[in-house]
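These are the structures in question, set out in turn.
Both of the next two complexes hold chain A, though its partner changes from chain B to chain C.
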Partner chain A sequence: MSRYFTEDHEWVDVDGDIGTVGISEYAQSQLGDIVFVDVPEEGKELTKGDEAAVVESVKAASDVYSPVSGTVIEGNPALADTPGLVNEEPESDGWFFKLTLSDPDELSGLMDEIAYAAFVEKL
Partner chain B sequence: MSDTEIPDEIAPTEFPAQTLPLDGWHRAQGGRMVEFAGYHMPVQYEGIMAEHLWVRESAGLFDVSHMGQLVFRAEGGADVVAALEALLPADIAGLGENKQRYSLLLAENGGILDDLMVTHLPAASPFAVDEEAGEPAEPAGWSPLDASPTDPDAPTFYMVVNGATKIDDIAHLLEFLPDGIAINHLEEQALLALQGPKAVDALARLVPGVEAMVFMTAGAFDWNGVPLWISRSGYTGEDGFEISVPGEHVVALADALIAEPEVKPIGLGARDSLRLEAGLPLYGHDLDPDTTPVQADLGFALSKRRREAGDFMGAAPILAERAAGAASKRVGLLIAGRQPVREGATVVDDSGADIGRVTSGGFAPSVGAAIAMAYVPTELAAPGTTVTLSQRGKVHTATVTAMPFIPHRYVRAGGPK
Partner chain C sequence: MSINASGWRPEAPISGGKASPTTTGNKALMLEEALIFEIGDTTTTGVDLVEPVAATSRLGDLARTASIGLPGLSEPETVRHYTRLSRQNYGIDLGFFPLGSCTMKHNPRLNEKMARLPGFADIHPLAPVQTVQGALEVIQQLAHWLVTLTGMDSVAMSPKAGAHGELCGVLAIRAALEARGEGHRKIILVPESAHGTNPATAAFAGYSVEDIPATADGRVDTEKLIARLGPDVAGVMITNPNTCGLFERDMRVISDAVHAAGGLVYCDGANFNAIVGRVRPGDLGIDAMHINLHKTFSTPHGGGGPGSGPVVFSKALSPFAPLPFVEKTDDGFHLVEEETAGEHHAGAFGRMVAFHGQMGMFTRALTYILSHGADGLRQVSEDAVLNANYILRSLDTTLDAPFGGSGPCMHEALFSDENLADGFSTIDVAKGLIDEGFHPMTMYFPLVVHGAMLIEPTETESKAALDQFIVALRSVAERAKAGDVSLKSAPHFAPRSRLDETLAARKPILVWKDPGLAQAAE
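== the complex of A and B ==
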């Protein structure tokens, strides 16, 4: 399984043609206390860069963009009642949604963990 | 032929943000700095939610030095009470020494130019004039806008106005106050707010005597030789104090306060969620020149005597609106579901047409729900009324709710100890 990151601080784990999407540790630390997450519904067709989810901190609302194109299989049901999971476990249990990738070649345009760490370092 | 273009005054945002005396202190405390009202200010330290809850259970220290601190005094027999009453709807004549009152700066059309606190200073205050020298005795850094000799026997008033509006406020006051009223802008004074149920315990250890004051009273105190002007007031709904201190001593005072076990530094983020839960309007959001005290549900700021006399700026349109009833009202909203509905969202009718606007909103940590303030048509303003909101293409349901959302816990005269 490989993990890729966007410059907008989403991550996607890819296992076969299934991708799991969330936001990075850096992103959650910048957002602060997360009080609401709106995840996409099963069956939603997403194009890379589409607004896929909304994350609301105490202070502000932010869009989460889909790092890849595909069809949503599942939104994380745990986030409805415990949005704070995104603060606690942003890169594991606090995932946002899973989708079936329609164009795995898009992954080549994303950063790997080392490149993303270097990207964040410069912010 | 074309309209004559009159260039606007340079907007404050065109200037780089300024730093306040506690700037380095905030950074050393781990504050995340943002630009607010033209200054670098801390939005949070450990996190807005934790800071908010800490203030409700213990005590939080806020730097509000961006706010404008003004002193008004008469020169040569001018009547400072009458001068202030011409501009404010408050009963200034009935405001005893060391008493503080919430008031509004109003435009001729009844619009709100700012909201503020005004206090009747006693003869001996840190802002008193040294009669021998004709100069302020303490503190240093006095910044007179008008340096004429003043009348030491006339009453003097201290006013705290919003940071983002202070320059416009001073311009308005200079334009409309009569000759013979001097305004001093205390630019070298810092201002701290210590808020929360344990604020009194922490502050009384450093400054004995503050515990004897009640809500909306103030007094002069001394801390290790540093003159302080302290009021028992604030903008969180909790008991607490606001402390005016010379800028050169504010780092030492802030250090001493956070060394008390009850006290942590709190950023602007929690200040906003605390005042929202307390139902307190924020100027520039819930109040602006297009809203009146009647629409804003601030009728308590229009004193009875002043309403009957109708002799303050903006009185005619405000009193007419008060008699006829305002078309819209500021109300509190409890939002269904968890998603915050924020400033900029609209109140819509059954057809989806805009009939009102949300002016503040967010997640309320102590309520555990999303809340908001909005202007709605008066027929929808009764508590319990269901209203529909629209935000970014999504519809939300909300219930009009009496404010405050969290009961105020002020320590009032004659109240339980």
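== the complex of A and C ==
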């Protein structure tokens, strides 16, 4: 399984043709305490770059963009009651949604962990 | 009974971390206030109603038998409750109120006097037009001055404030595009320096929103915007002056390019207060713009009912403006409604509200315009800009001013939290300001700046008042730069210190529940 990052601080783990999407540790630290997360519903068709989810912190509401194209399999049900998971475990239990990738070639346009770390370093 | 028995308030330390020495929890004559449900009891009533004799209920089984749980208070208890709450409020009549982007403007008392004249205050929207000619004249005159000041062609007076006005403008753009068979244009471009309501409005009107980045100097990236124009773009929504407090100098170039590409230009005119008498948006090629009467023309925020956000239109969009509007003919003032518009205004996209707009706000705004005159309105803008620049230049060596090098600011000064000590952010500065007796500035907006502090002093503050604020903010900022930990627990002198904003947002308690009933249900 490999993990990819976008410049908008989303990550996607890819296992076969299934991708799991969330936001990075850096993103959660910038947002502050997260109070509400709106995840996409099963069956929603997403094109790479589409607004897929909304994350609301005490500071601001932000869109989460889909790092790849595909069809949503499920949103993380735990985030409805415990949005704080995104603060605590942004890159594991705080995942946002899973989707079936329609175009795995899109992954080549994303950053790997090392490239993303270097990207964040410059911000 | 004890105060605040339901325990609904967040657990917050008493100021200074010391327990209150009084039995009641009150501190001198600033009283702790219970919820209205916790005052009195259900057997008390403030009115003496006669039992109706002749009426027989036809509700049958539907009649309510249980108590509906309304609070029972006598009249003086009710008056005291709301008066005490009002003392805990903070408003522009109490002191400096530097909320950037909100324009907490002084509300001249002459406006209030005029708005309370019975001929304006006591009329009904369904009164025959022959009986309310004076009120219609006020609407028509205000419309005339708004069109004149903006250099536009017409105005819709009915929208009820900023975002409603934006929707009105975008719906007119949609109607115009559909009328020329270009309803397929589905994209609206919104720069990062625009107000947050702009993308929401475009999406609500059925458009897809695309962001246009800001340049390093805090203005819209004109090249990128022009490069994105094309046959799928319906228009752009630009806030000017923008939300970084800067004037978008390329506005005319942008408008021309948008028009050449077949699109239309919406301008968020919420910040028109910085340029009245200096710039006419009509000269910048704008097709529609809303004006917040509470920001530019000194009507109160939310005073006496809904606000008012008239929308001015270019010649191209005027045929699509919503109904109703007031028209003057030889025999007086008339309301142009659906029944009377006919061929004369057949393109109207519909209407925004049931009646004609917010009469109280119209009277206040017209009073402001007429009492200031052309020279006065121009001076208002100039003084607002001067005051903001005085704050910007007095503090740009203390705080980081990300766009300090982009020339003068408009009506608001923008700082970031970049040079505060590690672990300190804008919130700590804001809380420290409360201890110093100042309402904080707007925080963490606009989003393009890290830890934004947006300060809008408005034109009516004296130099002495600005100097006091500058001294206070400089002192708090220096503490934040030095890493003074006492700032992390400020405010120390407010009745409550740091409330748990996260818990309040995650688990808000929105409805009072009778503690007895709640216990019984468990």
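Please note the rule applied: the second predicted complex is superposed on the first by the 123 of 123 C-alpha atoms of A that agree within 3 Å, B and C clash if a C-alpha of one lies under 4 Å from a C-alpha of the other, contacts with A are read in each partner's own complex, and residues count from 1 in each chain.
The rule is short, and it goes like this: contacts are C-beta pairs under 8 Å (C-beta built on N, C-alpha and C of every residue); 3 or more make two chains touch, one makes a residue touch a chain.
No experiment lies behind these values; they were computed from the predicted model shown.
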item	value
When chain B and chain C are modelled together on chain A, clash or fit	clash
First (chain B), second (chain C), both or neither touched by A:Phe36	both
Which of chain B and chain C A:Pro83 touches, first, second, both or neither	both
Which superposed partner A:Ile114 touches (first chain B, second chain C, both, neither)	neither
Partner chain in contact with A:Val58 - chain B first, chain C second, else both or neither	both
Residue range of chain C overlapping chain B upon superposition on chain A, of 171-179, 207-215, 495-503 or 513-521	495-503
On chain A, positions contacted by chain B and by chain C	33, 35-36, 56, 58-60, 83
Chain A residues touching chain C - in the complex, by the definition given at the top	33, 35-36, 56, 58-60, 83-84
Complex contacts: residues of chain C adjacent to chain A	444-445, 447, 501-502, 505-506
In the complex, chain B residues that touch chain A	43-44, 47-50, 52, 269, 273, 338-340, 342, 362-363, 365, 370, 392
Complex contact set, residues of chain A against chain B	32-33, 35-36, 38, 54, 56-61, 80, 83
